[in-house]
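Notes follow once the structure below has been shown.
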Amino acid sequence: MSRVTLLALQVLVAVVFVALWYALTTWPVFGIVLLPPFFFSNPVDVVQQIVKWFATGVIWKHLWVTLLESSLAFVIGSIGGVLVGFWFARQPRTAAVFDPYVKMANALPRVVLAPIFTLWLGLGIWSKVALGVTLVFFIVFFNVYQGIKEVSPTVLANARMLGMNERQLMRHVYWPSALSWMFSSLHTSVGFAVVGAVVGEYLGAAAGLGYLIQQAEGVFDVAGVFAGMFVLAAFVIVIDTLVTVVEKRLLVWRPNVGDAKP
Amino acid sequence: QTKITLAVGGASCLCYLPTMLAKQLGEFEKAGLNVEVVDFKGGSQSLQAVMGGSADVVSGYFDHTVNLAAKGQNLQSFVVYDRYPGFALVVSPKHTATIKSIKDLAGKKVGVSAPGSSTDFFLKYMLSKNGVDPNSIGVIGVGLGATAIASMEQGEIEAAIMLDPAITVLAGRHKDLKILSDTRTAHDTLQVFGGEYPGGALYTKADWIKSHEKEVQAMTNAIIATLKWIHSHSPEEIAEKMPAELVGKDKPGYIAALKNTLPMYSETGMMDPKGAAAVLAVFSQSSPDVAKANVDLSKTYTNKYVEAAHKK
Amino acid sequence: MATTSGTAAGEAAVALTDVDVAFRLADGGTFRAVHNATLKLADGEFVSIVGPTGCGKSTLLNIAAGLLTPAAGSADIFGRSLNGLNRQAGYLFQADALFPWKTALENVAIGLEVAGVSQAEARARAKEWLGKVGLGAFGDRYPHMLSGGQRKRVGLAQVLIRDPKILLMDEPFGPLDAQTRQIMGNLLLDLWSADRKAVLFVTHDLEEAIALSDRVVIMSAGPSSRVIGDWRVNLPRPRDIAEVKLEPAFHDLHRDIWQMLKDEVIKGYTQAEGK
Amino acid sequence: MSRVTLLALQVLVAVVFVALWYALTTWPVFGIVLLPPFFFSNPVDVVQQIVKWFATGVIWKHLWVTLLESSLAFVIGSIGGVLVGFWFARQPRTAAVFDPYVKMANALPRVVLAPIFTLWLGLGIWSKVALGVTLVFFIVFFNVYQGIKEVSPTVLANARMLGMNERQLMRHVYWPSALSWMFSSLHTSVGFAVVGAVVGEYLGAAAGLGYLIQQAEGVFDVAGVFAGMFVLAAFVIVIDTLVTVVEKRLLVWRPNVGDAKP
Amino acid sequence: MATTSGTAAGEAAVALTDVDVAFRLADGGTFRAVHNATLKLADGEFVSIVGPTGCGKSTLLNIAAGLLTPAAGSADIFGRSLNGLNRQAGYLFQADALFPWKTALENVAIGLEVAGVSQAEARARAKEWLGKVGLGAFGDRYPHMLSGGQRKRVGLAQVLIRDPKILLMDEPFGPLDAQTRQIMGNLLLDLWSADRKAVLFVTHDLEEAIALSDRVVIMSAGPSSRVIGDWRVNLPRPRDIAEVKLEPAFHDLHRDIWQMLKDEVIKGYTQAEGK
């Protein structure tokens, strides 16, 4: 499939989606409007709202705040996840002891933690970053941990026989081997970093996309809510694309997917 | 018995006490209703539940009906149990020295429960009434619970609009807490709005009311009976009746808050037309959409059922 | 890395004494692969291990490498009891063990880099080594882009470049054609004669074993395999692999060992089937 | 490390943690209490609260509701993630077309979706299940998708040469090969299923642990909030243990982690 | 599965005509592994491919299996142009290709189960086959619990049990000892003579190639490798591998082919190094 066809198909999907959305919010089917505009707004209003935001420029400030928060959450959470993942994988005893606690921590509803983050970190960006970190961290952590345990035993034995010490094993064996797991988790975490930031803003903030969304929700402006979510989604695609570019560069050594050559 | 789902936006707020108490006292059952109370995080979520049809009636702030009338949605309140809104503009304990009056808030950061909520509108109204440009201040959503208290104690915001029990909790932790305006009291409410200002009410879609007159009447009766009960009992007796999870561990604190709040509960359940007008004024102040919409206030409430209840 | 510099002349480089290895199976039972196996490899000696498939050759090498701890018996390296990894050995594994994320050149260079050689120098020497194993033009290929024989040769270079005192080689020339085998064999012999490493060499090619070794050791068919034959190869050194095969002493030895081996394989075959 | 030592160490960690918590909420350090009890409660109160819940039995109803919701979210989300993951992995074109949309969907803040779920699914358990599903689904999906792409090319080629059709490839190759990825993601998703359910309850419900927490929070009963979170965490450990048992059974074929044999 | 029942007697089972294979390298360049290679395998014929390491033997097999599409030239199976997978072939890969999550028995049985044979019957026949390759007692081992040679034999059973019309075998006996090699070779010959499959057999052991085959094909050293020699083996059938090696005709042939091969390897060696 060429790039052009692909893009065309992607656009087609979007068009069908928007058309359906428009139709279902506008025309009643058997007497009822399937997607009541009070809850689903309609594409025209949403687009108008987005255009207005960009035309007046108000969106930039909010986007920037959210971008900053998500990026920080993403970076801190991923680094933390990678480090702790490596640490656990290399210290099976520590891992065994802390294992239940990590799983407990992963299950805490983050929303409830918001007041504590506010108390510790204030109302600025850091309490939102913290919320994002608590989401990103666990996803990356579990994947890295698993990725390291999946290293081929033969390759590992070879590395050890070549005289690698722990640090070198990390760098030359565990790290590259865990990379594909890590990137798989990064794709999920990009999304969760943004979710964390937005939810944080939604729970209390002075700026950011979550703030915009909440403001719209408070006055029952569904078009505003949806507009916020679309801007957000577009924004995630951009970050995710960056992750993919990095991934492609770092994983040149792998056989191509289509490459059936045994 | 008809089953009614009643949506509340934060049952622990004292502003909704009559609803919860009615349930506890069994007034709904007495009126022949089987009411299930579903608790939501906030007023707008409970409203959405009613709009979507998953709940029947909202127990929430009347101002939403005005706001939605501007959007062409027909919501109507049929019994008002709060005659004052119960908002207080509280100064952060860290900033008592610098913030002496509302005028000092210019250019500062102020917390509201959520941007776009009633507290937000109330703040903007207060500010412009006192000659402060609402756009000059930073509005920060801090919620109504522990987050609000944490941000106040941290001093990152200079002031916040709060509701009970949070106000009393904060006052308990800081004896010298400064409150710039307290609409839990008749005095400040009248001063700010020039009349009673409807807070909590039962409201729902106008066509639902039309098609469920019997149930609406029953609910009205239940609430009015509850209001009478409230005004004939002490805060201690009321607290005794409330479910433990709403009172919490700090019972004396709860009773103290209740004492502060008692005057706020309506005695009649009637809507004061001046209050409805005040609501519209507050909204028009900060929302151009509402100002433009030519809201017909008389459609947003009805006293028909309250009057019928009193005639009995 | 614990280097034992003061090894007595007569001390064995590798001494496995009465080792037992039992593997735990998935069903909870155990499988005793090696039983009471004894094998001594003197410093500077070249010993080949030959035996029926599945008899436990790789297992013995794993013990010598310190990757496997015997259930009973002792493993000593230069007179010291082996505890953990054998840091003085280089091991060419039977299975593919290259780092898939490194190019051929990086795979060869890593052994030196790990030991602290600067990257530039490591690469230069790795390049040279790739040339020696006939892969000069394949330096920037990732392993999955190489043929089976090419991968094996990269592995060979990876181990040899580190110049370890003990070489453990598990069928190093398996996937190579006869001609390349000879070239690689001669390369190994040159290297070995230069500083007399101790070499433990597993092969299925008896001719190769005899041509290269000082001693050829035969293992019995598994399970509970052990060393059942030990033949000294008294052919003159230095040898050229192609030429040594023409000597009459070579043929006599080959015939003798072959006879023993053949019986052993047949035995193993019937055993495995019957059980 | 024996089971007993391990357990002892785990208990030790818990004890140290609780002791620290108690100390920091009780005794001031340099004149300030580092963890003000108003925000952090203290272990004694929390334990009392938990004991009370179990003694009076009120907790069971809430636990049951949350268990039901989380289990449903977990099962539906995982099955969905696995199915769509497989589908995408086997239909690279479809995958390419929908890829950006999946990533967009993953980035939507679920909290904002709550009213829509209430609209569609009512106030009962299903709107909470939906929230959990939207979290679980994506984690499982991304991991399964990746897991399938990681199948060894040689093994795949062999399977195809043995005459396997798509369905058989799924069953005999992709599925077993993706299992370890899947289980890694399931450990994360167990937590997220519970988070989804609890957040759903927290945003609006009549029962469940999230409801309990929300009630406690509303009256500034921090002990209640923490007690709720601990019950929740304990509960997750139980579910997670079940996942681990299943994992161990399904992955018998792998070399043991400690097994250095090449 | 498209079965061509009406194949004309003279039609080739596999016909590769002037095939070219170019691999894309990581740096964007390409590597032409095979150039203008032509190879015909008649139905019922046993052909061995011998050539220096890395010359393109596996590549040719991959083309015949339909796993690789040649950049130029044509690949025909029983007279039909190959499009996608070659459904009539069984392929024993050079690399380890067992399913790690299946036991040896399941690995062997899967080929039959896939074809619709009931699980019970497939297992029974797999058990029989494991016995034939000398692994009767190893049925419930997972691949990582088997030795290199044992894994290869499981792979062999996995391919043979399906009884395909065309057999592609890439160094099937590589990690086996000489004796087991002969047993496996005879097993293969028995099977082949029973219903005359077409066999394409890659090996580095020239003796084995001659002993088994109707024709031995020699490839030139890579890159741009092609078929440069094609020798007919006119030894009587049925053969016993051990015995056939004693015939004088065998030796003459061996000497001739060996000479050609040797030159080719040396050439390849210098080429690869020089480039």
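Of note:
Letters A, B, C, D and E mark the chains as written, and numbering starts fresh at 1 in each.
Going forward, contacts are C-beta pairs under 8 Å (C-beta built on N, C-alpha and C of every residue); 3 or more make two chains touch, one makes a residue touch a chain.
Just so we're clear, the structure is a prediction, and the values are computed from it rather than from any experiment.
Counting hops only between chains that touch, chain B reaches chain C in a minimum of 2.
Taken together, chain C and chain D share the touching chains A, E. Farthest from chain C in terms of Cα centroid separation is B.
The chain pair with more C-beta contacts between its two chains, of B-D and A-C, is B-D.
Centre-to-centre separation of chain C and chain E, using mean CA positions: 27 Å.
One finds 37 Å separating the Cα centroids of chain A and chain B.
With centres set at the average Cα position, the gap from chain B to chain E is 83 Å. The distance from the centre of chain A to the centre of chain E, with each centre set as the mean of the Cα atoms, comes to 48 Å.
Across the assembly, chain C contributes residues 26, 67, 93-97, 103, 142, 144 that each touch 2 or more other chains. Shared interface positions of chain D, defined as residues touching 2 or more other chains, are 39, 115, 119, 153-154, 157-158, 160, 202, 217, 252-253, 255, 260-262. For chain B, residues touching at least two other chains, in rising order: 48, 52, 145-146, 149-150.
Those residues of chain B lying in contact with chain D across their complex are 5, 7, 10-13, 36-41, 45-46, 48-49, 52-55, 145-146, 149-150, 165-166, 169, 173, 245-250, 254.
Within the complex formed with chain B, the chain D residues making contact are 38-39, 45, 114-115, 118-119, 122-123, 202-206, 211-212, 214-224.
In the complex of the two chains, the chain C residues touching chain E come out as 23, 25-27, 31, 50-54, 58, 94-96, 103, 131, 134-138, 140-142, 145-150, 153, 171, 174-181, 183, 204-206, 258, 261-262, 265-266, 268-269, 272-275. Looking at the complex, you find that chain E touches chain D at residues 1, 65, 67, 85, 87, 89-91, 93, 95-103, 110-111, 114-115, 142, 144, 158, 162. Interface residues of chain B facing chain A in the complex, by the touch rule stated above, are 44, 47-48, 51-52, 67-68, 71, 73, 109, 111, 114-117, 120, 138-143, 145-147, 149-151, 153-154, 156-157, 287, 289.
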